[in-house]
Amino acid sequence: MFYRENGQFQTSYQADQQIFPVRQDRLAILALIAFAFVGVPLLADEYLFRAILVPFLILALAAIGVNVLVGYCGQISLGSGAFMAVGAYMAYNVFIRVAEVPLIVALLAGGLCAMLAGIAFGIPSLRVKGLYLAVATLAAQFFFDWLFVRVPWFTNHSPAGTAEVSNLGMLGWSIDTPLDKYLFVLGFVVVFAWLAKNLVRGPIGREWMAIRDMDVAAAVIGIRPMYAKLTAFAVSSFIVGVAGALWAFIHLGSWEPLAFDINRSFQLLFIVIIGGLGSIVGCFFGAAFIVITPIALNQMLPWLGALAGVRISTAMVGHAELMIFGALIVWFLIKEPHGLARYWSLTRHKLRLWPFPH
Amino acid sequence: MGFFLETVFAGLMNGVLYALVALGFVLIFKASGVFNFAQGAMVLFAALAMARFAEWLPQWLGFQSVLLANVIAFMIAAALMLVFAWAVERLVLRHLVNQEGVTLLMATLGITFFIDGFGQTVFGSDIYSINLGLPKEPVFILESLFPGGLLINQDDLVTAVMAMAMVALLTLFFQKTGTGRALRAVADNHQAAQSVGIPLGRMWVIVWFIAGLTALVAGMIWGAKMGVQFALTFVALKALPVIILGGLTSVPGAIVAGLIIGVTEQLAEVYIGPLVGGGIQIWFAYVLAMVVLLFRPQGLFGEKIIDRV
Amino acid sequence: MRTTFPRRLLEHSVQRPRAAAMREKRYGIWQAIDWQGMAALASELAAGLHQRGLRRGEHLVVIGANRPRLYAAMLAAQALGAIAVPLYQDAAAAECVFPLTNAEVRFAVVEDQEQVDKMLEIRPQCPLLEHILFDDPRGLRNYDEPGLAALEELFASGRVFVQQHPDFFQEQVDQTQPDDVAAMFFTSGTTGNPKGVVHTHATLLDRAAAGAQFDKLTENEEVLAYLPPAWIGQNIFSYAQWLACGYVVNCPESAATVTIDLKEIGPTYYFAPPRVLEGLLTSVTIRMEDASALKRRLYRYFMAHASRVGPALMDGQTIGAGDRLLYALGNLLVYGPLRNTLGFSRVRVAYTAGEAIGPDLFTFYRSIGINLKQLYGSTETAVFVCLQPDHEARADTVGVPCAGVEIKLAADGEILVRSAGLLKEYYKNEKATREVLTADGWYHTSDAGFIDASGHLKIIDRIKDVGRLRGGANDGALFAPKYVENKLKFFPYIKEAVAFGDGREKVCAMINIDAEAVGSWAERRNLPYAGYTDLAGKPEVLQLIKDCVEQVNADLSRDALLAGSQIHRFLVLHKELDPDDGELTRTNKVRRAYIGEKYALLVDALYGGLSEQFIETPVRFEDGRSGKVSARLRLGEARTYASVQQAA
Amino acid sequence: MAPKKIGDVILDVRNISLRFGGVKALSDISFDVREHEIRAIIGPNGAGKSSMLNCINGVYKPQEGSITFRGQTFRHMNSRQVAQMGVARTFQNLALFKGMSVIDNLMTGRNLRIRSNLLLQALRWGPAEREEVEHREKVEHIIDFLEIQAYRKTPVGQLPYGLQKRVDLGRALAMEPQVLLLDEPMAGMNVEEKQDMCRFVLDVNDEFGTTIVLIEHDMSVVMDISDRVVVLDYGKKIGDGSADEVRANPDVIRAYLGTSH
């Protein structure tokens, strides 16, 4: 409806291959980013930043990482939480053990360590198909859960086993208010989303998808499954690791391994499934959904219960949440394997053809 | 030496249970190609049902007999597992026919969450106990062989026997009964099975039901030993490394691997654990399975995978 | 504009060397050739052709779709004083024989293997054809016929030659004079061989300039060249006016992608014959049918509004604020998006011509804000004779004479044209030339028409079909059957119409209903019917048609000249007119005379004032069997109106 | 028409035998392929034709025999290596990357030639972008060659079968192969689709001089486009030679008797 594409003809492949070849899309995305950086800070309050926006952004980032592996390369992973943990704890150790280390460097270092861990646990994927891999990644999950609990070095021998960071900052900008945190994370997410998008739409992205869609054919045209899968694991766990570090440093501040247990892995997987396998933008939809739904339920269910004359305990809300997500996962897998992102692209498509349906 | 044997024996105890759960797992995988992550949740769900009904029934019906309560509760739980199996086939599997394994796996994740939530909503989320009224006091055996002999819990013995009986039963069921043969046919080749008129849908219900039963028995036994609580899910999840080790499609594999893992993780915990801070049981089985994968991708007993083009 | 095409080319390449001259979608992107590049192509190719011995005044055929290098070939030929003869790329090999032999063609520049095969096939009949030069070498690697060569070779050798003789091209261009013959277009006459219409640089450029000036075309126009270059229409728009104005001509990627390419380019200056517009509208309707109920309602609502106020807006009239607001809203929700999906967002001027266009079709485009207009012209007049000024577009006129055109009407109503753009002659056809060109430079269009009150030319029919009423109220009045029939056919319910009246005292008509339209009309009125004949026989249908006829009459009465042609009596035929029964030509034109004889019974009934007539007609079914349909037809009287004004 | 010239042996298959467990898919197959020729392997369904291709491009590892390519002899091939040596193939039952557009499917055929590293790709920086453009151009030529311009950005899943077959061919061509293995390119096509495909195969052969090894179970299709024909039946070679020789061969006739072609 809002598209006016006449005269937007491409005279070069660069122009044709940009992320948003249609002018209206470019403008829209720029407007959105501008709003995120300028508009939101003016409108949102502390609660919004702390409880919704920051977690949303970080989870979206992590989901992007998971999506690279699961959605684009078709390798199942139940251990993303663990790689977040690796990112968090290694960033922590770099941060406290290396003197004067800039925050960014610490975070990226965390990502790198997660990357190594990811590669290590990705190695079985070279020999086995998706299903077995689930177990390999579970191995990672349980191993690291254990590691960070039982090996005190990682928590710098803190008695309670909790890691803690404080007075973060970069280039003289101290990141303490929720707004600072939001902006800091937002910057990260925008950059990483862009990088990830470039990867998935480039040669390596095509290799991943080729492996996902038809691995034999991929091998026949000279794609090395090993290289493709390991790069997917590496990139994926790097991003996840950085997200983990951000989650720990920026969102939590002080944390325990529990913050990255298997449920985190599931949560990320759900974000990806609901948001849309094989879609970067989907990760944001999924993350938003996962972050907002529980809050919404917490508001609604007791109220609904009151209407029905039943009082709903928070525990029950929690259980309802489990059931709803469980049902949703199945529903999405059956009805719309490409998740919310699919609806998004459909809408966009319809708008481009408006008033025609196809 | 005695201590070692005791450890082994304890390991075997768990191993049998792992094998049991793994068995249900393998059945489902063979028959419907589903890597059923929900197995653990099923164990918890079944155990919860059993525990709660065994507790409620006497109150509702006003009788005392623990045994009776347990028996009826078991039946009800079994019935629930049947409903569950039916629902899974109706609401999930039949809509995901010919989907890739990964998709199905993720679907079972959804199921996991659903029944976790459902189970706890209906049956509550505290720790409940199952009292099978088994003799608790330990006995010493083989005193002639070792000084002090071996300390064995009687209930362990009984439950082990029960589990083994269950395993034997299932194996029999598969070898002898018509349904069993049909199931094996389905496992070998879906199309072929359908073409000779085996109703896939019903077969799936049956295997999921059987898997449900194994889950119930396992849940019951674990519940009796360590109480019915959320942690059961993770214990039950050990079935995953077990079947990887045994090879996804092999029933004997599942059994043997179950025992191997049961024993090795027990030994590892006891002998290696202390050196690294203990609690390695959580991951040992998985890492072991992973290492095996590297060298035998098809597991110990699984058949080689050939890609046809 | 007293110059030549090659000179225009050079002027552009000097004035705006880097500006895009043509764009061709090739390999997924629009690859532009700037004027300098175009000039280079032309000069190199000219050199190449010169080396192969192309002489002044000889003909060179160009066969292929719209491709920059083929246009360059025309320029090259004209630069050398040779004559470009574009032929239809979809013509059968046999059809190319006459033009080639007639014009003693030695050189053929063709697009691809398909055309090469054609040329090779007819070579035996065209012994003169020496050189077959192809643009796209695909599939031709293993051909080794004599004289077959890739354009690429000519460019290569030409390039060398140009380096050795830098002034060659300029010299050649200077030698070529405005009054030299530039191009020849073959028009397929209904009978006999096609005639070669000879045009000079001056004639074509004169009209091109006139047209450009009429619509204030600039070098910033974007044009999509998607019709055969052999058709003068396309040739004027994508060649003559291209060089006259220096705007950008865009060549689609392939026939299959034209709609996509149209949407991408979004031309500002567009030309389409009615059938193309018809096709577009049909696709719109069909696609809208699949749309959601809401969208359909939205669409229907706003289209209704558009057809109410749209044309008025287009004609620059002022309308109520409320209407304007609603239209603006519609523009946001429907018209704008529609223009965008069709590729017309940027259209400033669009023309249709060739055949009469239905008012509904015409208004549809105008009402959604596309400045669609009609023009009148033919190959012989280098297109531009009359054009409709903005704000004065109507479905039933073809506009006012444009600069440099004189129009007069012969006694029999034939339109005579005089302008600097008339054909030089029919090639090697003195007789035909003399028939159409008078000594004092008037061209006989063989169209009958008149200038209406508002000064617009109105075409009514081919002159040979125009008749006169004899006796009765309007004795001697003009009778234009086709005009009347077209007016009837513009109603969706009427598929075919046959009007009689020549030499009679009044006009009567036989009408063929459109089974589909009338059928659904009947269903909406839950009016049961069994098959075509039954439906056609329904009194309700007769009434429906009566209304249409009377509207036409009312319309006709507005032109004193045509008031006499109002339909007094009519009937609805019991069977569909069918080529298989010889009632229509293969191109679905009614064969009036034949029908007159075949249905003499009905004709007599019409004029005999009968109110009913039984008839039995033999028919041939699809499967070849023949049978009979019979029916008792009701004949209808239609109200006629007094002529409201005097002839202009 | 100038006769096209056929070079010397480029691919030589010697005594290949392949077993799946007990099943013998191929037994002692030998044949050679000459440069620039169109070599057909025909045989009834299940004759082992596809298995033969799979041995050549390293999907299967034959237990016995050797394959010589451009003078290099291999016990068995490795897919990537084969691809690098310039052997491409299409698949009998489409093996396209369903989730990707036509362009991307074809682009995967260029991946062997990608030089820029992950970092550059992530930043889409200089060389990476340039490479992308360069390969896109190559791919576009193939799109033009196969006349699928109208679909370049359509996800292949949405294309009709006949077009998907073309894309499959396109992906193979994108590798600029010297030898092209076609696995029943005309299977399941209607008459004019088959004609188109034949035209494309012939064009590929004389435009790019690509050597073509073509599998068909339908004799009629291949006979008139191929220079030499190998006939397989139940994993054994029962005929080899020009179309006419093969047609005359009694064993071949026997093998094809009753089979509905």
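We call the chains A, B, C and D, going by the order they appear; numbering starts again at 1 in every chain.
Basically, contacts are C-beta pairs under 8 Å (C-beta built on N, C-alpha and C of every residue); 3 or more make two chains touch, one makes a residue touch a chain.
As the structure is a computational prediction, the values presented were derived from the model and not from experiment.
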Joint neighbours of chain D and chain B, given as chain labels: A
Given the two chain pairs A-C and A-B, which is bridged by the higher number of C-beta pairs in contact? A-B
Report the chain whose mean Cα position is at the greatest distance from that of chain C. B
For chain A and chain C, let me know how many angstrom lie between their CA-based centres, rounded off. 59
Chain centre separation (chain A, chain B; CA means) in Å: 33
Cα centre of chain B to Cα centre of chain C, whole Å, reads 79
Suppose each chain is reduced to the average of its Cα coordinates; what separation in Å results between chain C and chain D? 48
Note the residues in chain C that touch 2 or more other chains, in rising order. 28-29
Would you give the residues of chain B that are in contact with at least 2 other chains, written as numbers and ranges? 307, 309
So chain D residues touching two or more other chains come to 59, 91, 95, 136-137
Touching residues of chain C toward chain A in the complex: what are they? 23, 25, 28-32, 222, 263-266, 284, 287-288, 290-292, 295, 298-299, 332-334, 336-341, 343-346
Hey, which residues of chain A end up touching chain C in the complex? 1, 3-13, 15-16, 353-358
Contact residues on chain D for chain A in the complex? 57-59, 79-80, 82-84, 88-89, 91, 95-100, 104, 107-112, 114, 116, 118, 121-124, 128-129, 131-133, 136-137, 171-172, 175
List the residues on chain A that touch chain B in their complex, please. 70, 74, 76, 121, 123-124, 127-132, 134-136, 138-139, 142-143, 145-146, 149-151, 216, 266, 269, 273, 315-316, 318-330, 333-334, 337
Which of the residues in chain C come into contact with chain D in the complex? 26-29, 138-139, 141-144, 253-254, 256-257, 260
